[in-house]
Amino acid sequence: MVELLVLQFLPLLGALIVLLFPKDKKETAAILALVTALLELLFVFLLLPQKLTVYLGLGLGVTMVLSFDYLTAIVLIVLSFACAYSLLYSLRKPLEHERSPSFYSLILLVLFGTVGVALARDLIQFYVFWEAMLIPAWALVVNWNEDPKKVRYTGLKFFIITHIGAVLTLASILWIYSTLGTTNMFVLQDLLPKLPVSTLVWMAALFFMAFIVKLAIFPFHTWLPDAYTTSSMPVTLVLVGMMTSVGIYGFARFLPFFPREALLKLSLPFLIASLVNMFYGGAMALAEKNAKRMIAYSSMSQMGYVLFGFATLVPLGISGSVFNIMNQAVTKLVLFTSVALVAESASTWRLDELGGWAKRHPFAAVCASAAMLSLLGAPPVLGFWPEFLTFSGGFASSNYLVASLALVASVLTAAYGLRLVRFVFFGPLQKEHEGSVIRPPWNTSLALAAGLLIMIIFGIYPGPAFQLVRGALNLLGIQVGG
Amino acid sequence: MNLWPFVFALFALGIFCLLTRRNLIKILIGLELLSKGATLALIWSGILRNSLSYTQSLAVIAIAIEVMVVAVFLALVYAFHEKSSSLDTDDMRRLKG
Amino acid sequence: MNKEMIPLLLLIVPLAGAALVPLLNFFASRAVPLFSVFVGLVTAVIGFFLLGQIGAQAASFEWLPGVLKTGFQLDTLSVVPALIATWIGFLVLIYSLGYMKHEENLSRYYSLTLLFIASMIGMSLADNFLSLFFFWEVMGVCSYALIGFFYKDPKAASAGVKAFLTTRIGDIGLLAAILTIYAFTGTFSISQGLAEGSKIALPLLNFIAFGFILGAVGKSAQLPLHVWLPDAMEAPTTISALIHAATMVNAGVYLLARVYPLLSLVPSWLVVIQWIGALTALLGSLLAAFHNDLKRILAYSTISQLGYMVFAVGVGGVFASQFHLFSHAIFKALLFLCAGAVIHELKTRDIREMGGLQKFMPVTGTTFLIGALALMGLPVLNGFFSKDMILEEGLIAGSWGPLIVAALAALLTAYYSLRTTAVVFWGKRRTSAHVKEAPVVMTGPLTLLALGSLVSWVLVGPLTTSWIRTGLEAPHIDWLELLRETFSSTAFLITVCVIVLGFLIFYYRRNLGWLKGKIPAFFKAVSVGLGFDILYGWLSQQIYATSNLLSTFFEEKVMEGINRATGEGSVALSISSRKMQTGDLHWNLLYIVVALLIILGLILW
Amino acid sequence: MMIYLTLGFLLFFALLAVFLRDTLLSVLSLATVSALLSIAFYQLNSPVAGAFELSVGAGLITVLAVLTISFLQKRKEKKQPGAALWLALSLALAALVFFLFQALWPQVLADIIPETSWGEVGEILWKVRLFDLLPQILVILAAVLGILALLRKEGESKER
């Protein structure tokens, strides 16, 4: 009972306390925020073996339903890790002048919203937290932006497109409420299968819109490259690590929620959309000349794989996508951070002005290579397992053609991944950047090392992580493997 | 006996005043006419329904509210006049989109 | 020690070594090479113990809970490539002590090499397709990273990318095949998968066979995906010897041999395999005959020899292919390491700048000659017996077309091996560089490998014995029988003919100069590798251009245009609707009144 | 049918209130309207509402409005109302006389309109409409605060 409330409101408490700090105490504020995120992470681990549900009456007939199961635990671990990672990254000396307590407070607010999304078992509550997560994220994108010319447009695009998705989901929620008279997910789980399939198809399609937009599935992807590219790095890390994870979580949570017969009708459109995304995002990443934008597009392309896994509707594929919650977050965080280290030293993100940085940033080179391999699903890094599971889902659901095409898309992924690393780290170093090895700041190194270790350890031995994924899906009634 | 025409006439006059006059005081008068029409309608409906005590109490409340509205309105007028030394609604363009 | 743990230990020791090397680099970077050699030694010793384990049951454990239970398959087919990796890996590590002495980033080199050895062991010993694929990919990653070891050289960086991408195309075929089998049988286990293969419907079986062949073609650098191997020669020569001659490129052949029971269910694909192998053998030897880059010659020769092995699998000679794989690993590693010694001294790879080196580098020269002779298949060297066995299998299978092509390739092989040896080690001295023999850490492995090339065929007896004991099909022959059979077979005649012809061509090569004038197109085509690189380069350019077009036109104009249009449209809408917001009190009041009237109307009706 | 007469007068004064140019005069006409309305209420047998209307509508509002107008116009230093004021005052006086006349003649509609008394209305007000009454007090307080705030703010801004 109290545990879940602590889990839910700890970030909010942290955000409020951090907000009260004076402006000149921003280092303390950052450390406090970091401690909050780490506490949250620790707390999730402490709660991990349990399964809890709390009904919390708020008066006026409103009841909050919080529940903690393995799926929630997975996403909470990833969220608090990503939050701590972003905070650790932004904790550097000298602090950039515009980083203020309110910045750290906003990041914690994003954590609060996402944690709420993960814990919510009431559709309205889910929606409220979904919005609560978008608003601080938007504030971060708009206020900590590196491109003053485009910031208004970017912020507007981010806000409007993500909100369109959210509103469509709200429409579906209201539809469900008006037909079944409740928004409690535990109750709805039994009630929904009683509706006719034709209704359910549309309900589900509307419902998944928010997640589709969040995953940046073509043609709703246009917010992503701009938001990722123009935001300052910690904000990008927040978007990459937390927003995306919550998007995938939404899919994972609500896929078993709708009856299978209805989803079968959506399977093929989703598969095709995911294929389009893979190829389109891959082509964009391949053609891109800005490293940050390239990674942003790669993220979009990767989300195609995630959607693919869900769309197969086969336990293996779904487990691959749930596994991807962990993989995508860690991989993208490490990739962005390590390339950002170079970009900071070279003060450019343009690929044709970079090159040969492995000499001066060897650690970043190692991290970026590992993350790139994870991105394109090559062992012995984490990315191999989710990708393999995703594809095996495709084959197990007998969509041979689509699955084969997805495999072909993975060559495209390899192409841009290798291209990125090759153009940033290999080749001759430009004359004006010659010099000795640069030691990155301790906090960045620490963050990178944590990410790298996670990628390699779980790449070689994915057992514990996959066991968690399996347990999570088991609780949702999906049996993975024998 | 039918008092509805009077009620409507008062209403019409009030609305006419609101829509056509530019002076803020005139707008106040329009509002007042409207509310007086409303009070009259209240009383008359009480007569028709034979619940005059009840409607009277409603009317009392309405009148009390009315006076508050007028007081605030006048304060607003005063404030506006302080700002722009005008009572013309055409000078109140800050609501413009 | 529990005997079941030996294969696991064999896998874990180099893996742990790979993980420890970067750590060691922090504390004592000087000790890294010696430590790696020590790890290699331990691995090699454990490899000997593994010999006693052939056919035994090994421990298995859950890798991916509920999905993948992995273990070790200890039959001769799998143990041989693993042992090649451990032993040649060990020799290469010793050799690296001298060869890589003056390079930077040695911890990266040794760590990746050890990781590679581990993954080769894991790949060959895997008892299920998925862990096979896992290690298969790890090998690819190591190969990519080691090809790009000299990352400052743009050529090396691009070569790594090219190698990875090209093999990746093969890998997706392999993955597709594996997953299709999994979708049908519900297991990744190789033995079960092969046993239940006959239950799979024929179209899917064709798909699976195609996938496996694609995987093998990519990894073993067969036609038409061979283009990455010559470029991979940008790697340090030790790596070329270990990965791109002795071990990784054999993985494709090993895979084909492993899934042969499945392939034999679809005979049409076997024919395809034959042709692929034979044509690759011809192409490789042809290109090797006309190239001037020492390492590239050896690379093309590797391609060609791998073609033989693939051909052998195609005609059903699984044992022959593995026997040749075994021989080839030894003599090709030898050749590469010799070439490495030469390149190390001369700092050039162009054979036209070499010559007359036998006097200055007697050990290297002699061992290179032995390797070259084994390569061309001169009797009593290991290459002779295995190549002969392949040709004999071809004769038995009666597939004449590919066989003739393969024989032609053997002829060219004889020619280019002689040519290379002659140009590099014999004749006039064409360089002014100061040349001396390589140090003992380099010549030692050379001598050992040369010895191996001379006598490794004697092992045919124990090989076939254990081959049969682990339930694979092969005739039992010991080395005496092998001698008798080989010298009395028709294939021997072919071999002798092609070698003699090759000698003749080599001897009269100057008289063949007029050919150059007669068919210039041919020589031009050969000089650009028959245009494969150009074709693929063009294709990738097209892909790149398409994505560029998509990016500049579709993404930035159309998608962004849609965004802007919706934005501007709503702005226009708001501007027009803004006119209603005059800020005029009267208008606002009017709206209120109208709205009230409407509501009134709604209530009344 | 005195009620028609009263309401007819009422409409006439309402028209005056709307159409008179002078704001002060129209405010006074409005006060007359209020007074007439309260007479009408008496005639309709609702003395409580009538009393309220007279005291609040005709009295308080008029006083407030006139105060505001005079306050504003003094600042503008416009011409004094002069004769018009006298006219308005006399009109109001006439209305008052009319009202007294009516008050002395109460039993016009007794037959159709039920009697009510103060006590009854008050009882209803306290018992049935308590829910309205309490917020109303709040509204009054809020209004007072609002007025104070508005006036205070202006004063402050002037000081600056």
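General remarks:
The letters A, B, C and D name the chains in turn, as written, and every chain counts its residues from 1.
The working rule: a residue touches a chain if its C-beta (ideal position, glycine included) is under 8 Å from a C-beta of that chain, and two chains touch if they have at least 3 such contacts.
Bear in mind that the values here come from a model prediction, so they are computed numbers and not experimental data.
Touch-path distance (fewest steps) from chain A to chain D is 3. For the pairs B-C and B-D, the larger set of C-beta contacts lies at B-D.
For this pair, chain B with chain C, the centres built from the Cα atoms lie 91 Å apart.
One simple way to say how far apart two chains are is to compare their mean CA positions; for chain A and chain B this gives 57 Å.
Separating the centre of chain B from that of chain D, both taken as means of CA atoms, is a distance of 11 Å.
Taking each chain's centre as the average of its CA atoms, chain A and chain C sit 36 Å apart.
For chain C, the set of residues that touch two or more other chains is empty. If touching chains are joined by edges, the resulting network of the protein chains shown is an open path.
Of all possible chain pairings, those that touch are A-C, B-C, B-D.
For chain D in complex with chain B, the residues that touch the partner chain are 3, 7, 10-11, 14-15, 17-18, 23, 26-27, 30, 33-34, 37, 40-41, 44-46, 48-49, 52-53, 56-57, 60-61, 64-65, 68-69, 71-72, 75-76, 112-114, 116, 120-122, 124-125, 128-129, 132-133, 136, 139-140, 142-144, 146-147, 150-151, 153-154, 157-158. Those residues of chain C that touch chain A in the shared complex are 62-67, 105, 115, 130, 133-135, 137-138, 140-141, 144-145, 148, 151-152, 154, 156-158, 160-161, 164-165, 168-169, 172, 175-176, 179-180, 182-183, 186, 204, 207, 543-544, 546-548, 550-552, 555, 559-560, 562-563, 567.
Residues 1, 3, 6, 9-10, 13, 16-17, 21, 23, 25-26, 28-30, 32-33, 36, 39-40, 43-44, 46-47, 50, 52-61, 63-72, 74-79, 81-83, 85, 87 of chain B touch chain D in their complex. In the complex of the two chains, the chain C residues touching chain B come out as 578, 580-586, 588-590, 593.
Only residues 156-157, 219, 222, 280, 282-284, 286-288, 316, 356, 358-359, 362, 369, 373, 378-380, 384-385, 388-389, 391-392, 394-396, 398, 400, 403-404, 407-408, 410-411, 414-415, 418-419, 422, 425-429, 461-463, 466-467, 470, 480-482 of chain A touch chain C when the two sit together in their complex.
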